[in-house]
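Presented sequentially are two complexes of chain A, the first with chain B as partner and the second with chain C.
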Partner chain A sequence: MRLRVNGKEVEARPGALLLEVAEVPTLCHHPHTETRGLCRLCLVEADGRLVPACATEAREGMEVRTETEGLRTLRKTLLEWLALTTDLAQAPDLLALMERYGAEPERWGEVPRRRGREVLKDNPFYLRDYAKCVNCRRCVDACGDGIMGVYALTLEGRGLLAHPTTPLDRPLPETPCVFCGNCVQVCPTGALRPLSLEVG
Partner chain B sequence: MMRTTCPYCGVGCQVEPEIQGNRILQVLAPDIPPNHGALCVKGRFGLDFPFSGKRLLYPMVRERKGAPLRRATWEEALDFAARRLLEVLGRRGPEALAVFPSAKTTNEEVYLAQKLARVLLGTNHVDHCARLCHSSSTAALNRSLGGASMTNPLEDIWKTDLFLVVGSNTTETHPVIGAMIKKRVRQGAQMIVVDPRYTGMAEASTLWLRVRPGTDLFLLNAIARFILEEGLWDRAYVEARTEGFAEWRASLEAYTLEEAERLTGVEKEKIALAARLYATTERAGAYWAMGVTQHTKGTATAQALVNLALLTGKVGKEGAGLNPLRGQNNVQGAGDMGALPDVLPGYWKVADQEAIRRFEALWATPLNPDPGLRMTEVYEAIPEVEAIYLIGEDPVTSEPHQDHLKAKLERLPFLIVQDILENETTPFADVVLPAASFLEKDGTFTNTDRRVQRVRLLLDPPGEVRPDWWITQELGRRLAQALGRPWKVYEGPEGIWEEIRQALPEMMGGINYPRLEREGVRWPCPSEEHPGEAVLFRERFNTPSGKARFFPVHFTSPAETPSEAYPLTLSTGRVLFHWHGGTLSRNSRLQEAYPELKVEVNPKDAQRLGLTDGEPVYVVSRRGRIRAKAWVTDRTPEGVVYAPFHFAEAPANRLTLDALDPISRIPEYKVSAVRLEKVD
Partner chain C sequence: MGKPSLLPLLDERLPLTEEKVAEAARLAGVPLAQAWGVVRYYPRYRGLPQGRLLVDDPVARARGFAGLRAKADGTYPPLGLEALAPSYLRFTPKGRFVEWEGRLVPFAEFRLPFALGHGERLLPPEPVESLAQYRSLGGLKALEALQKGHLTPEALFQAVEEAGLLGRGGAAFPTHLKLRAVARGEPPRYLVVNADESEPGNFKDRFLLEHHPFLVLEGALLAAWAIGAERAYLYVREEFEAAIRGLEKAIGELEEAGLAPVPLEVFRSGGLYICGEETALLESMEGRRAEPRLKPPFPVERGLWGRPTLVQNVETLANLPLILREGPAAWRAREPKLFSLSGDVERPGLYELPLGTPLGEALRRAGGEPGELKAVLLGGAAGVFTRDWALPLRYREKLPLGAGALVAFGEGVDLWEVLLGLAHFFQEESCGKCFPCPLGTAVQVEMVKRRERNPSLVADLVATMKGSLCGLGQSAFWAYQSLLEVEGAA
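Let's turn to the complex of A and B:
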């Protein structure tokens, strides 16, 4: 099957996601957790419509544009709001994207911030620092359907109050958590970190 | 490259530990087979045991019994060890010596250790810890199919429509495989789990058969009989690819559903349903572990599974097969490399004329054609056996009937212990040789689905520690010199691997170190262009006739059944957070998460005893008693208590009995009679 990406003809296997044929920034997408369609960073224009590249299949003759002025502005804004509401100090990939899209978070002035959260250390293996969390959901999916089938993590709340946590906010040892740390490996922002990384 | 292979279980996960100074900062997993980025708690957080204060850092010798172990130089220790071995060899002959290579060490190291035994000491008393875990499976698979490994690759999990999981607590003991199987079940596959305990697999199953401990064989035979009765078997496959069918069929007469229900405690409708599902699902794979093997009828039970798979034409097909989940990181490799008393590397029988010609030519020395003693038999044979070269193993914690084993070790004239950490067996040693951990050497491990994978040196060994291959090579050099026998000396593991390729061209010929840089390669792999065989026995079995053989097997009771004084059945096993004798996991960060022994007690049994959850309790058998914390839970059925054997201070193997399977000589770890006593 053939389609055009930014004016260039490309070949795609049937069922391929646009993500596989077009180079676009991603945040929530992960091949093993199967998370998709949440962060909107990978939005592209396909035949004039805005669609997430991680959740849209390529079609014969499709005309895809990945870096229009509108898309660049959208990504810039999305990144700015992530930076305004979360601590991205340990998210090098996102910081690089901010650079690439010329993000200037300060232009929005004061915005309502995510509820400040303390670092949770409730087990011998890893900590949860939700001030750094961008709600990409990868950890929830790694723990659940994507990899482990354990379901010790869930997404709670709505809007700016939304955040991943354990059912009923229980300490991890009181959940079905098996401490595989697969959530830690897929976390893109350092919100989940091994305790062994902490100095001292 | 900072990539290596996880040293815990047989899944063989690829790991990338980030090491700084004397600690591991974090462990990530690359997106390559077999684990594709996933790990379990042991691989992710339990790799820091090489930094433990219990590391053996320099050689030690005990000049005579009763004297303390004292620090020695490598020269001294190796000279002393060689002298003592030669003395026993000269006085008593090869039958008085045994070598136990370790399934925790690399293929290269196992190969060298068994070569030392056979070429220099002339003994076939060579064995490894599979004697205690899957020897029953390998015995059954070898005699029926002519091969002792998983028949199918782990990737086949994604093609399997029905899992038959027998006696495997997969989510705790092979967690990454457990997660794969569970995900496949979420995608719509069915899963029959046969287990007395409500494990993570039972929870994820679509049909759980809660058998009474030790009755799996009866259940499997009854399933086979019912499949025959219903005409659901694969007649074409049986006729074309098997032999011994008529005799086996006749042996099933007594295994009716009614009898099976009475004996196993599983309703006959459920047994019939399981039989129908297994027989009629084309892509149905059997997976099993210690619940099948660790019985006095372990070989028979594994055989019953083999028979069932042959009856329904499940072997040699994608997404199906017979898949024993191997325990240790390199237990598949240890068998492949000939750490067994009856076979040389590549499973060539020691008595086979062609094998003798092949290996005598390669090693330039005459070989002993008589099969040796098995591990459990070697300990029994003390003090007829006078010297043991023990590598990477803690038999005091892992062998059954601990007090008896300790008494035997006390009477053993000479014991070499080669290990990375101090454990319960170290005090019995006459020579202690400190070995490098998996982080401190190069080599290969072979995982449960026959994938040979690289182990890489990422860290310099501490103290005077040396890798096992170097130690064995140096000991061998001394023995060879004294005996005037040939002994090739290698620069490093890659040279040893090249000799293995030369010894086993059909199996390993196509696997070389450069090829293993990117990812592991499965055997058999006869040439460098060959991708490595995924599914075994597609066309023919590895038997002289090319056909698989049915063997009739019959149910027998466990060696020890509950009595008035010991009314409960003890089953031993493992938990997610620990590894076997605990030498590794209890010297790692894992210890913090699971610091002490908990025994599972069914709420009804707890109520009868007035026992509450978390209360201390004694578990008492005819052989001893241990103290534990009671975990009152219906994970374990009424009448059964479950105790992991990881805890040296409360060793479950003080309670177990040393009754052995007649064929594999595996101990019956899964059934012994105990009682609980309240601690006042």
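Let's turn to the complex of A and C:
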């Protein structure tokens, strides 16, 4: 199957996602979880429509554009909003993307933030620092449908206030959590961190 | 049939305790994690505000919001009361009430005053309380025709196609395409009537459900039968308690008379704006957080419990008996559309007007004088401010019609205050699933507060929110953008 990406013809296997043929930034997508289409950083223009590359299959003859002015603006702005609201200190990939897209968060002025959230330490293995959480849901999915089928994580709230929590908001040892570490492995922003790496 | 749905199981157990949530999860066959995510999502499980509540709709925002707000303990999202605004509610341990003419009327008894309706074909000339009355007004002909074998699904599809009926919920998708697509799918198939009217400024579906339930049900049954649905659900905004009672009574009468070819059931909505988005609606019916799904697949292919599902707006379905009765050509020659008119007009209410009526004329019908207005909010929160009085009110025009709300604002109104109300509404109602919407709606509130007019900043907000997953985020900036245009033209 052949399609065009930024004017260049490329080959794709049938059923391939656009992500496999187009180079675009990603955040919520992870090969081992079902999360996709949430962060919108991988949006591309396919035949004139905005679609997430991580959740859209390539089609014969498709015209894909990955770096239009609109898409660059979208990525730059999203990164700025994330940086304003969330502590990205342990998200080097996002900091690099900000550099690449020339992000200037301060141009937006005052914006509500999730930075103020307190660190939760309720078990000997890892901590939950939701001031650094962008709500990509990889951890929730890894714990549930995606990898483990344990269902020790879910989501609390709506909108900007939404973030992962445990069933009945219980400390992790009182949940079905088996401390497998999958959620920590898939967290892209250091919101979930092994305690073994914490100094002091 | 699917599993027992989590939301009704939780509703039966209000007020909730941890044990009751666990029990509901067990009965629904879902992990406690899923049930907890649901409980921490929907307002009625998290806990509703109590006391005297101001309905925070665009009309209240235009009538000295701060003063109105000072007389309340809190606010409540728009509730289809715009024609009566400003309105106050009272939430107490005894129940939910509307303050109306000096009395507290329980939600289960409060219906929009019948006198608000002005029309001939979609609106009844008198309140329709019984099946006999509906029949005497010329109803039931289509249902009786199909019972006698005088109607085929294909004949219905053909009539809808010839009429050119477009979905009345706001998306204006050709109805016959959806009907046919679902009918082609593998059974079991479902119909879900989207009666979760929550777009600020709109009260047409509420009025139809409260005063013309048989018309809506006849349309729903026609569609359900034609697509070969196993069951039809009416997903009704849970606050419309009087409408729900009336629908349940009407369903009973239809079934008793042997006029229901498909089983009908009312489903109480999750109680959030996003529940009106068709895939979020289906998520809530399946017992999850009402968060929109990625499309494709569309509900006509994979809808409720993954089955082919027709999700259709109340007013769209109410037109089906009419199209069959009048014939598609006659119906099309004067296509009826319901417009919810509120704000600074003499006679706010619900007006049935031919599609294509110029905006200025629609306003005059309600006693509004365009020359004395600053602007109209067309469509709702997901709508636009305009002063284009010659604009024909029809689909696929230069401005979106939405579901047909027209909120008029007089010269003295501060439109930025109205806009701030809309911005707060979107921030509150953003589900938080994708990234641009919860971030962008929060940023937008701050920008509107400081009356930000910097064109490049607004353009970047727009470009980013356009990338949202669903229609909520993709339209949340329309009003802001349009206000700057109206200001610029003034």
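Keep this in mind: the second predicted complex is superposed on the first by the 199 of 200 C-alpha atoms of A that agree within 3 Å, B and C clash if a C-alpha of one lies under 4 Å from a C-alpha of the other, contacts with A are read in each partner's own complex, and residues count from 1 in each chain.
Assume a contact is a pair of C-beta atoms (placed from the backbone, for glycine too) under 8 Å apart; a residue touches a chain by one contact, two chains touch by 3 or more.
Because the structure is predicted, anything quoted here is derived from the model rather than measured.
Student: Should the superposition on chain A be reported as showing a clash between chain B and chain C, or a fit?
Tutor: Overlaying the two complexes on chain A (C-alpha atoms) leaves chain C and chain B fitting together cleanly.
Student: Would you please give the vertex angle at the Cα centre of chain A, with arms pointing to the Cα centres of chain B and chain C, as a multiple of 10°?
Tutor: Approximately 120 degrees at the chain A centre.
Student: After lining up the shared chain so the two structures overlap, which partner does A:178 touch, if you call chain B first and chain C second: first, second, both or neither?
Tutor: first
Student: Look at the residues of chain A and decide whether chain B or chain C touches more of them.
Tutor: C
Student: Now for A:119: first (chain B), second (chain C), both, or neither, which partner does it touch?
Tutor: neither
Student: Once the structures are superposed on A, label A:197 by its partner contacts, choosing first (chain B), second (chain C), both or neither.
Tutor: In the superposed model, A:197 contacts chain B only, not chain C.
Student: Under the stated touch criterion, which partner chain does A:148 make contact with: chain B (first), chain C (second), both, or neither?
Tutor: In the superposition, A:148 contacts chain B only.
Student: Touching A:96, do we find chain B (first), chain C (second), both, or neither?
Tutor: neither
Student: Please state the minimum Cα-Cα separation between chain B and chain C in the superposed model, rounded to the nearest whole Å.
Tutor: Closest C-alpha pair between chain B and chain C: 12 Å.
Student: List the residues on chain C that touch chain A in their complex, please.
Tutor: Those in contact with chain A are residues 18, 21, 31-37, 40-41, 272, 289, 294, 427-436, 438-443, 446-447, 450, 457, 459-461, 463-464, 466-469.
Student: In the complex, go through chain A and note every residue touching chain B.
Tutor: 31-32, 123-126, 145, 147-149, 173, 178-182, 184-185, 194, 196-197
Student: For chain B, which residues are in contact with chain A within the complex?
Tutor: Against chain A, the touching part of chain B is residues 23-29, 31, 36-41, 44-45, 48, 171, 175, 179, 182-183, 186, 204, 576-577, 589, 592-593.
Student: Show me the residue ranges of chain A that touch chain C in the complex, using the header's touch definition.
Tutor: 27-28, 36-41, 43, 50, 52, 55, 70, 73-74, 76-78, 81-82, 85, 107-112, 134-135, 143-144, 151-162, 165-169
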